[in-house]
Amino acid sequence: MDPIRVTIWNEFVHERNHAEVGRIYPEGIHGAIASALRAFPEFRLRTATLREPEHGLTKDVLEETDVLTWWGHAAHEEVEDAVAARVQHRVIEGMGLVVLHSGHLSKPFRRLMGTSCHLCWREAGERERVWVINPGHPIARGIDRFIELENSECYGEPFGVPAPDEQVFISWFEGGEVFRSGNCWVRGSGRIFYFSPGHETYPIYHNPLIQRVIANAIHWARPRGSRADVPRHVPVEQAREKILSRGPQLHTTEGALQ
Amino acid sequence: MDPIRVTIWNEFVHERNHAEVGRIYPEGIHGAIASALRAFPEFRLRTATLREPEHGLTKDVLEETDVLTWWGHAAHEEVEDAVAARVQHRVIEGMGLVVLHSGHLSKPFRRLMGTSCHLCWREAGERERVWVINPGHPIARGIDRFIELENSECYGEPFGVPAPDEQVFISWFEGGEVFRSGNCWVRGSGRIFYFSPGHETYPIYHNPLIQRVIANAIHWARPRGSRADVPRHVPVEQAREKILSRGPQLHTTEGALQ
Amino acid sequence: MDPIRVTIWNEFVHERNHAEVGRIYPEGIHGAIASALRAFPEFRLRTATLREPEHGLTKDVLEETDVLTWWGHAAHEEVEDAVAARVQHRVIEGMGLVVLHSGHLSKPFRRLMGTSCHLCWREAGERERVWVINPGHPIARGIDRFIELENSECYGEPFGVPAPDEQVFISWFEGGEVFRSGNCWVRGSGRIFYFSPGHETYPIYHNPLIQRVIANAIHWARPRGSRADVPRHVPVEQAREKILSRGPQLHTTEGALQ
Amino acid sequence: MDPIRVTIWNEFVHERNHAEVGRIYPEGIHGAIASALRAFPEFRLRTATLREPEHGLTKDVLEETDVLTWWGHAAHEEVEDAVAARVQHRVIEGMGLVVLHSGHLSKPFRRLMGTSCHLCWREAGERERVWVINPGHPIARGIDRFIELENSECYGEPFGVPAPDEQVFISWFEGGEVFRSGNCWVRGSGRIFYFSPGHETYPIYHNPLIQRVIANAIHWARPRGSRADVPRHVPVEQAREKILSRGPQLHTTEGALQ
C-alpha cells in the first residue's frame, strides 16, 4: 500500500493549562494520537498545533498532507481565517479531513458544512455506547457491535450538520440522549469524517478501539481520484459538438463572466 | 393554503448597463419574475436589489420572508459579508432559498454549500434541453418530459457542489455537455433549490415553463417544521435519565464550553 | 387542502387471539389509528385487513388510495405475493406508504427496500425516547425534542435497510440500544416512511404524539408530481435532435428489446 | 494488495445467435471483459453464463466471489428466481455487484433496487459522451473529463432507480437525451455499481477506457467491512444496561416474533 501522509493537528491548550488534562495527555492529544498511529506502518505522521506559525499548516505542509486530523475546543476563534480557508480549499481539492470531538465547531469544519454545527451537550462523565449501524463500512472494520466508553461527555441531537453521505456510528448516552457520532461527507474531491468521542478529561484516545476507528477513517479519507475541477471557460470552437455561436453575448464585451 | 412571503432578490446591474439585457428585462429580472409570480395568489411578493441599503435584505425583511430567490452575476463581491451571513443563518433557521443561474457563485450559496460551486461554461446561444429525471417530485409538477430552450448559456460538469439531496433536472446542451440543472439540498431547517437556466441575454424568465418551475420551487422550499436548534447545555440535573456526575470536569472551572 | 384518501391496513391477528392485545385495541390497531385520524378532516379514511378477500387491497382500492399505512407482525407470509407486488407497483407509481413497527418485515416493504430489513429486538417493556433529529422536517411538526414511551419493545441496530433519504427520528432505549426509528425513502414517484414504535402489547397508538407523527407522515407521503414513467422506446424519427441511424442493429430483426 | 476474486457473468445468447454480435465478441462479452481484466494482476477471474447448471452461480461460486459483474439482455426471465435471490443475498452479505448495460432489467438488480428500473431507449448508433461529474471518485480514476463512444445505444431518463448514493457519470446523447450512466448504491454490506454503456452491436467492451471503468468499479465494490447482520434476539438478561422486564409480553407465549 502507498504511504499515507497524515498531519495530526491539535489546539494543544487544555493539556497545558488544565492539570487533569495534562495528566491524561502529557504529550498532548496530538502526541497520544500520533503514538497510537505509529502502529500502522503505512502512515507517515507529522503533528501541528495552534501556537506554531500559521498554526503549523503552511501551504507546503497541506500540499504534502493526504489526510489531516483536527482536534480543537477552547480556541477555535484563534485560528486565522486564512488558514481555515486554506484547509477548506485543500479538502475540496482532495485532502481527507478527520474531525474529532469538539472540532465540530472549528472553522474549517463549519466552512465545509455550511451550517451551524451546533449540538446539545453535558459533561457528567456518563457512559456512552457507540453503535455500529453500518457493519460493512470500512471505518467500522475491526469493531464489533459497539464501543463502550465508561466516562464520556454527552453530545445530543439535533446536530446541526447536513445529512451525512454515509452514517457509520450512532451513540447512546446514559443520561438519555442519542447522537450521530460517526458521519461521512464528500466535499469536492475530499472526504470528511466526523467522530464525536474524545472529551479531554477522559482517556478516550488511549482506547485501542477508538484508535482503530481513527486509523480506519484515515484510510477511508485518503485521496482516491483526481483533484476537483477549477472553473473553465469552453470557447465555442472547443465544443465537442460543432456549433455556431448565436444570439447576443454578454461576455465578449465584458470579459469572461460565468 | 397559507400565504407564502416571497422576496425576489436581483443584482440588477446588467439590465442597466447592457442594452440588450435592458431590452429583454425592462423592469429588471426581478420585475419579470415578480410579474410571472403574480399569477399565483398564494404568494405575497416583494423585491430587493443590490444597490438598496443592506441590499434590501435587512433583518426585518428576512425575518418576514418565507422564501428568498436570488439572481446575481457581475457583482457577487459587492454583497456585504454581513448580509451574506444573515441570509445563510436565516436559511439554517428555516427560510427557503431558490438560487438562479449565475447565483451559483453568490456569497450566500457558496457559504451554504461549503464548496467551490465552480462549473464549466460557454456563451454561444446554443440549445438546452432540461430533462425531468424525477417526475414524482413536486418541483417537476406540470412539466412534461423536458423544457426546451432554443438559446441558452451552456453550463457543464463537473459542478462543484455537494451531492444534491434530491435531483430533479439534468440538462443536455447542443455543444455536447450535460449539467445537473435542478438540485435540492436541506441545510438546517431550510430548503435550497438551485436552477441553472436564466442567462440574461436570452428571455428565459419569460418562458412559462421556467416560471412554473420557480413557482413550484417556492412552494417546495417554504418552511415546514420548527426552526433549527440553537446550541444548548443540558445540566446533569435536567438529564431525562437520572444520572450522577462522575469524573473530572473541565467546564465547571472554565464555563460552559461544548 | 385537497382530501387525502388513506387506507389503513392491519393484519388484525393478535387483537383476536391474544387477550392483552384485544383489551388494548378492542377495535383492532386499524380501528385505533382510524379513530385518531378522524380528527383530521382532510383525510378520507378506509380500513382493510388480512382476512378480507385480496386482503382488502384490490386493484380498485389501491387505485383510489393516496397513502397506505401498514401494520403486520405474525402473518407476513400469509400476504399473497400478487398483492404485495401490487402494493409495490402502486408505490412506484406514486402512492405513499407508511410502514409501522413490525411491518419492517412485511412483503411490500422488503420488496421496496431490496434488503433484509432485519434488526435486533427485545420485548421487556423498557423505556424508549424517540428523538427528533431534524426539527425542520414536516413529519416532526408539532413534536418537541422527543417523545417518551414508558413501555416499548426495543428495536436495535444494525437495521438492514438502505440508507434513508431523510432521517427524522432516532430512538434511545433503556436497555442500551439506539435505533433509526423514523426514516424516509423515495421509490419511483412514491414516498415511504417507516416509524418503529407500536408494539401491540402497549397502548402506543393511543398516544397523541404518536398519532400526530402518523398524520404528519400521511401528509408528507401523499403524491406530489406525476406517475413514474413506463418504459418507452423512442424511435430515431422522434429523437429531439435530428440524427440518422448508423451501424448494426439488433432490435430491427428481433423486436424492441431494451 | 489482496487478490480480488471476480466472477464475470454473461447471458451469452446474442453472441451465438446474432452474426454481427458474434463477430464483435467471438469469445462472448464475458470473454472480452475477462481478457481486458487480465491486465490487472490483483484480479482472480472466472466466468459464468446462463446455460450452465445454476447459471454457473452455485452457492460455492458465490461464496468465493468478492465481486460479480453481470451482463444480460434477451433472457432475463430465464434466470431462476432462486439464483437471483441467492445473488441478492450475497450482495447484502457484502459481495460487490457491477451491473452492465441492459442488466438494468436483470432479476438480481431489480430485486436489489426495489423499483421498476425502467428507462427510455433508442438503437441508432448515435454518439454518446460519458461525462465524469465526480472527478474525485475512485471509479473515475484515470478517466479525463469524459469518454466518447462514436456508436452507442441511447438510454434516456427518467431511469426508474432509487436515487444513487453516489453519482459518477452522466451521459450526453447525440439525439438529445441525458442519462445517469454511472451510479453507486450500498445495500446491506454490499456495494453496487451500474454502468450503462455496452450495447452488444458495438465494440464498447474493447474500449480501454470502458475497461478501466469496469476495473475501477471492481476495486471500489470489493467487500470492506463485516458481513451485514443477521436478525438477533437480545434477551433482557443480555441487555447492556441492567433492566427488569415490565408489562405484558407477547413473545413468551408465542415464541420469538420480532
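Per-chain numbering from 1; labels A, B, C and D assigned in written order.
Everything below uses one rule, namely that a residue touches a chain if its C-beta (ideal position, glycine included) is under 8 Å from a C-beta of that chain, and two chains touch if they have at least 3 such contacts.
Please read all numbers here as calculations on a predicted model, not as lab measurements.
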item: Same or different residue numbers at the subunit B/subunit C copy interface, by half rule; value: same
item: Per Cα centroids, the chain farthest from subunit A; value: C
item: Of C-D and A-D, pair with higher C-beta contact tally; value: C-D
item: Centroid spacing, where centroids are CA-atom means, of subunit A and subunit C in whole angstrom; value: 36
item: Centroid spacing, where centroids are CA-atom means, of subunit A and subunit D in whole angstrom; value: 31
item: Averaged-CA centre spacing for the pair subunit D and subunit C, given as whole angstrom; value: 27
item: Multi-partner residues of subunit D (each touching 2 or more other chains); value: 129, 134-135, 156, 158, 163, 165-166, 174, 176-177, 186, 188, 228-229, 240-241
item: Subunit C residues within the subunit D interface of the complex; value: 14, 18, 20-21, 73-74, 88, 92, 102, 104-105, 111-116, 118-126, 151, 154, 156, 158, 160, 162-163, 165, 174-177, 185-188, 199-202, 228-236, 239-241, 243-254, 257-258
item: Interfacial residue positions of subunit A with respect to subunit D in the complex; value: 1, 94, 129, 134-138, 140-141, 146, 148, 165-166, 174, 186, 188-190, 223-229, 240-241
item: Subunit D residues touching subunit B - in the complex, by the definition given at the top; value: 129, 131-135, 156-159, 163, 166-167, 170-173, 176-178, 180
